[in-house]
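In what comes next, chain A is part of two complexes: it sits with chain B in the first one and with chain C in the second one.
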Partner chain A sequence: MLTRAVGSIGVGSQVGAASVPGGVAVRDLHVLYRANELLHGVSSTFRPNAVSAIVGPTGCGKTTLLRSINRMHDSTPGMRVTGSVTVGGEDVYGRGVVVRGLRRKVGMLFQRANPFPQSIADNVSLAPLAHGTVSRHGVSALVEEHLRLVGLWDAVKDRLDRSPFHLSGGQQQLLCLARTLALSPEVLLLDEPTSALDPDTTEHIEGLIKQLSARVTVLVVTHNLAQANRIADDVLFLMAGSVVEFAPAQTFFQNPADERSRAYVSGRIG
Partner chain B sequence: MILLRRRAEGRTPGPAPAPRAARHERDTTIGEAVTRAVTAVFGSVPTALLIFILAVMVVTAVPAILFTGTGFFGTYFSPGNYYLAPTVHNGISASHGAVFGFLPEMLGTLVTSAIALGLAVPISVGGVLTLTEWVPRWAQGGVGLLLELLAGVPSVVFGLWGVLTFGPFMLRTVSPALTGIIGGFPWLFPWLPQGAAWVLLGAALIAFIGIRASVHGRLRRRARWLSVIVLFITLWGAVAPWFTGEVNTAGGVLTASLVLALMVVPIIAATTRELVRHVPVLAKEGSLALGMTKHETARVVTLPYISTGVLATALLGWGRAIGETIAMFFIIGNIFTGIPVNIYHSGATLSSLIAGTLDGVLQAKTDVSALFAAGLFLLVISLLSNLGGRLIIRRVAGDRALPVGRGV
Partner chain C sequence: MSSLRAPTPKGGLARFGDGLDSARRSPLLRRLRSAIFWALCGAALLAIILPLLDMIVTLIQQAAPLLNLNLLTHGSAIDPAHLNAPIGVENGILGSLLLGLGVLIVAGIIGVLAGLYIVEFAPPRPRAVMRFFSEVLSGVPSIVVGLVAYTVLVNGPLQWHYSLVAAVISLSVITIPYIVKNTEVAFDQAPRSLREGAAALGLSRLTTARKILLPTALPGIVGGLILAQAIAMGETAPLLFSANWTDANPVIKLTNNPEPYLTGVTYNTLILPYVQAHELAAAAALVTVLIILLLLVMGRAATARSKRMTERMDL
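Here is the complex of A and B:
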């Protein structure tokens, strides 16, 4: 039922950043939904261990691009992906790729918090247990480590066996971040992770993202330019499914090359 | 009413306050009062009907209740002989030799429904999960349609099929195999008489309570395992004897229960299908994005999301199973003389007793009264199990309830 025509175009030897663990490269990526082309040949190489923000007006394909990287389009009938995506030099859409393993390396955080309807502790430990990256004896240490990492430990340490749905929206999103980090991913895909959160939690999460980027490649989709300015090392500006500009953040915000980027940064479009 | 107000506002020029509150400014307009009265009437009809039916049943059952007293819990039912000298007890006259013991029928009702539901719930939930997760979308519609058609099959057809086709198959093939397999298991309590099963069932209940307690941290992990083992042994000891021994009829309790299960499956499955469809995609993607498989996602996300709904649906199915009459009447054998020695024998349910007896006893007022008493028991069992089910749902929903609009 799912037809995917994936042509690996010239990815035999990825050079530079892309083949380093955590390096993400996209080559001539077309994504189609039925007859609609959502991405028209996007190519970019994201620096490892840096924060790359993907910005652009609503409907420009930011989320589509992000979801191509961990193959989230697989389960949507009618979605076709062509071109190539490599993570750490390995073709994501290549033959014999285990999607399960790919998604262990490439974590994802969604627009709204979506914790499992399980206990808080299980939220963190279920995926590592399923992947066999932690033993039963190591679970409680793993849970504590990652809840501490996102700064949630003190708030939940007395109710680890309770439902996460009693937590605030921001705390739930932090729990989802902890859950993702518990798999020690190389790449973190963030799909407008703070769009539903209050300023304090947003600031906290932005701090975490900066801090995490020392060891994880972060791709963050955001419609919030100020946020991109605060956290991004590089900015990819998409419009209508095509790349307009991909530049270091400072360049993009202060001296963009493209006229449309200038218009977008100054708020004239978007 | 909004229209009315707009028109009225249009007519009033300027902000000049009216000296007396105009009609449209009063809290209750005539329209609202009428609406309220009409909805009050329609709203109270179901409650009033329930109370009315209950009252009629209680009043009609009084003679039988006076005649029998606690004898309702006896194991023998007979409408007696209308043409011989009447038996008089507590000032109530009944047919000669009439005895109204409903215990086998009460147990029959509970056991057939329990077996039916115990099979139907896992089959429906498992089937629906398989359908929605692994069957291609174009085939799903067809299977869904079949399910809905199955729900529309009249119960008398199920009854006919059960007694003419399925029953003989059970008698020849399934029942002998089942009794052979279960009878061949190493007996845990071979020296105990079958009645001791009830004691074991009590022990099983205590073990279950022990498990519940340990879940809440009052017992340690080892004690928890111990109580699980005790629960299984005692349940086995209590239940297994009913599944062994001679097979003597094509109908009987097991056949009736299986047909009942088949009748309940579409009800539970159809609702479960809707429940599964409404599990938020975002919640499932959270699991898939972590590299969890479909199977793990179903277990970790989908099942908890639908659990309360499935319980509520099971409760609906339970109501249907308890009340199911004509199929049970055809299949179960309608034997009112004692508790069947095992589930391969004929038995009766409260509803099959009423359906099977009424025609012969219309002349005998006390017999009819006894049937109303049977109906009352049925109603009480139905109401009690419904209340119990609601309590379970509330407990299950308690901590894991999913507040709407909060990260869901």
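Here is the complex of A and C:
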């Protein structure tokens, strides 16, 4: 489990947000790949139970930032992370942190659906069973609850024991979302979750994200500004590995403080 | 590419030219080159296939008088006083099946676990060392394995004598590197996105390997086990020193009991001064080749299934 607690390190008006459950704060985060610095000291405090969109041009470090939060860089040789990331006030990179425990609390959804080669039901129940958060008798209820939650239940209830690879791409992504939610995470990291999907499914998933933010903190990387505008409460704008602006979505889209934000929002750059 | 440009003919075909790809200036030449290339490929293919066909046809011709059911129901013992009595390779087939089963258990368990460890769990340095040793092991000539088996297991400190255990261990030493390699490749082929998905859910490496990667790796692993069977089926040198030979049917007795095997029929009958013995040698060789062919086809099918599974996953 996460052991070392760190004091609240909020920034500006959001002091204290980082230490409540689901609050995520990064401070002076540098990420290096060999000699190449990808993030140059990023600091931001993401509000709990809100949707924060991370936007910026290709290669600006959006995904790198996202993957720092659940330590996905750990398994990439040559990646180094310095600075601090806290989730619910606890230092993610602190000594004694069990990465598997962290990832139970911080779920992640990828750009492309990656269901496991197991039955649809097992896809949902595998992680809760492995973490011991559900008992054997609780499995079917858990599976139904989370498939209903993502709106997939009616489509798959008759083929729970079948392979997920016969589902459509959008359905597969919903299954992956259900799989992640089944661990009841405090934070949800979404890495361009709809960029490979059709408009209908995208709309459905966007609705889900809004709805889910009532109980989890959502960080969503997107290159789609219109999407950020539709779903985000806050927007973090990155360029070349540095934060340009971090503001409530309305401010960011209507009256950005930075000239570069204005250029990006209006489509002149990016 | 300058060689393509050099023989460009003047006039006629030059209308294609004018800064275009030089090959387009002489479609005739290009077609000729292409034809020569494909002819060479075809010749190389024939050079591979013809000897194999020739070998099988020759074996069939030589073994023809013995190709009937007796081949499967009689042992390889030849009685010089009754040279026309029915003879066959029953003891060889049963012996090789028994040895194959032993290899499947011993080499299968060790090889799959070692391969899994190397590809999924070992830190980089031990991984490199283990890979290196596995590759060296696969390069050790089988007669050397036989020699070591003889001096350690058969007639050395262990004193197991010619035996099933000695034979299975020496065949396992030879086949383990193949099983390790196939297991490694099978797990390695599992898409990266599956590993990431599992890691993001906080699953342990063991759970990931067992529940998520194994289903995609399984056909490849099975392919490796079948390949190991084919190799074990064809090995002779180490068995001469570990199983020795008997004309009798195999007995499941771990130590102190020589065992028969298919290639041993050929080895031990070819030196006898009887036509029937030579026919039996050819028949045993034919059966060996056919079984290996069958095993390889099965192995290929299993590996192909592995590829198809990951393709259908569209990851």
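Rule of thumb we're sticking to: the second predicted complex is superposed on the first by the 255 of 270 C-alpha atoms of A that agree within 3 Å, B and C clash if a C-alpha of one lies under 4 Å from a C-alpha of the other, contacts with A are read in each partner's own complex, and residues count from 1 in each chain.
Keep this in mind: a residue touches a chain if its C-beta (ideal position, glycine included) is under 8 Å from a C-beta of that chain, and two chains touch if they have at least 3 such contacts.
None of these values were measured; they are calculated from a predicted model.
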Do chain B and chain C fit side by side on chain A after the overlay, or clash?
clash
Does the superposition put A:R112 against chain B (first), chain C (second), both, or neither?
both
Regarding the shared-chain residue A:K62, is it in contact with chain B (first), chain C (second), both, or neither?
neither
Counting only touches as set out at the top, which of chain B and chain C does A:A130 meet: first, second, both, neither?
both
On the A-aligned overlay, A:R162 touches which partner chain: chain B = first, chain C = second, or both, or neither?
first
Just to be sure I read the superposition right, which of the two partners does A:N70 touch: chain B = first, chain C = second, or both, or neither?
both
For A:G101, is the partner it touches chain B (first), chain C (second), both, or none of the two (neither)?
both
Following superposition on the C-alpha atoms of chain A, which segment of chain B from the set 20-28, 164-172, 182-190 or 200-208 overlaps chain C?
164-172
Intersection of chain A residues contacting chain B with those contacting chain C?
70, 72, 75, 77, 99-104, 107-108, 110, 112, 114-118, 126-127, 130-131, 165, 169, 176, 179-180, 183
Please output the residues of chain B touching chain A within their complex, sorted ascending.
136-138, 280, 282-283, 285-293, 296, 300-301, 304-305, 399-403, 406-408
Give the list of chain A residues in touch with chain B in this complex.
1, 70, 72, 75, 77, 99-104, 107-108, 110, 112-118, 126-127, 130-131, 162-163, 165, 169, 172-173, 176, 179-180, 183
Show which residues of chain A lie in contact with chain C when the two form their complex.
70, 72, 75, 77, 99-104, 107-108, 110, 112, 114-118, 122, 126-127, 130-131, 165, 169, 176, 179-180, 183
Using the touch definition up top, name the residues of chain C that touch chain A in the complex.
124, 191, 193-194, 196-204, 207, 211-212, 215-216, 309, 312-315
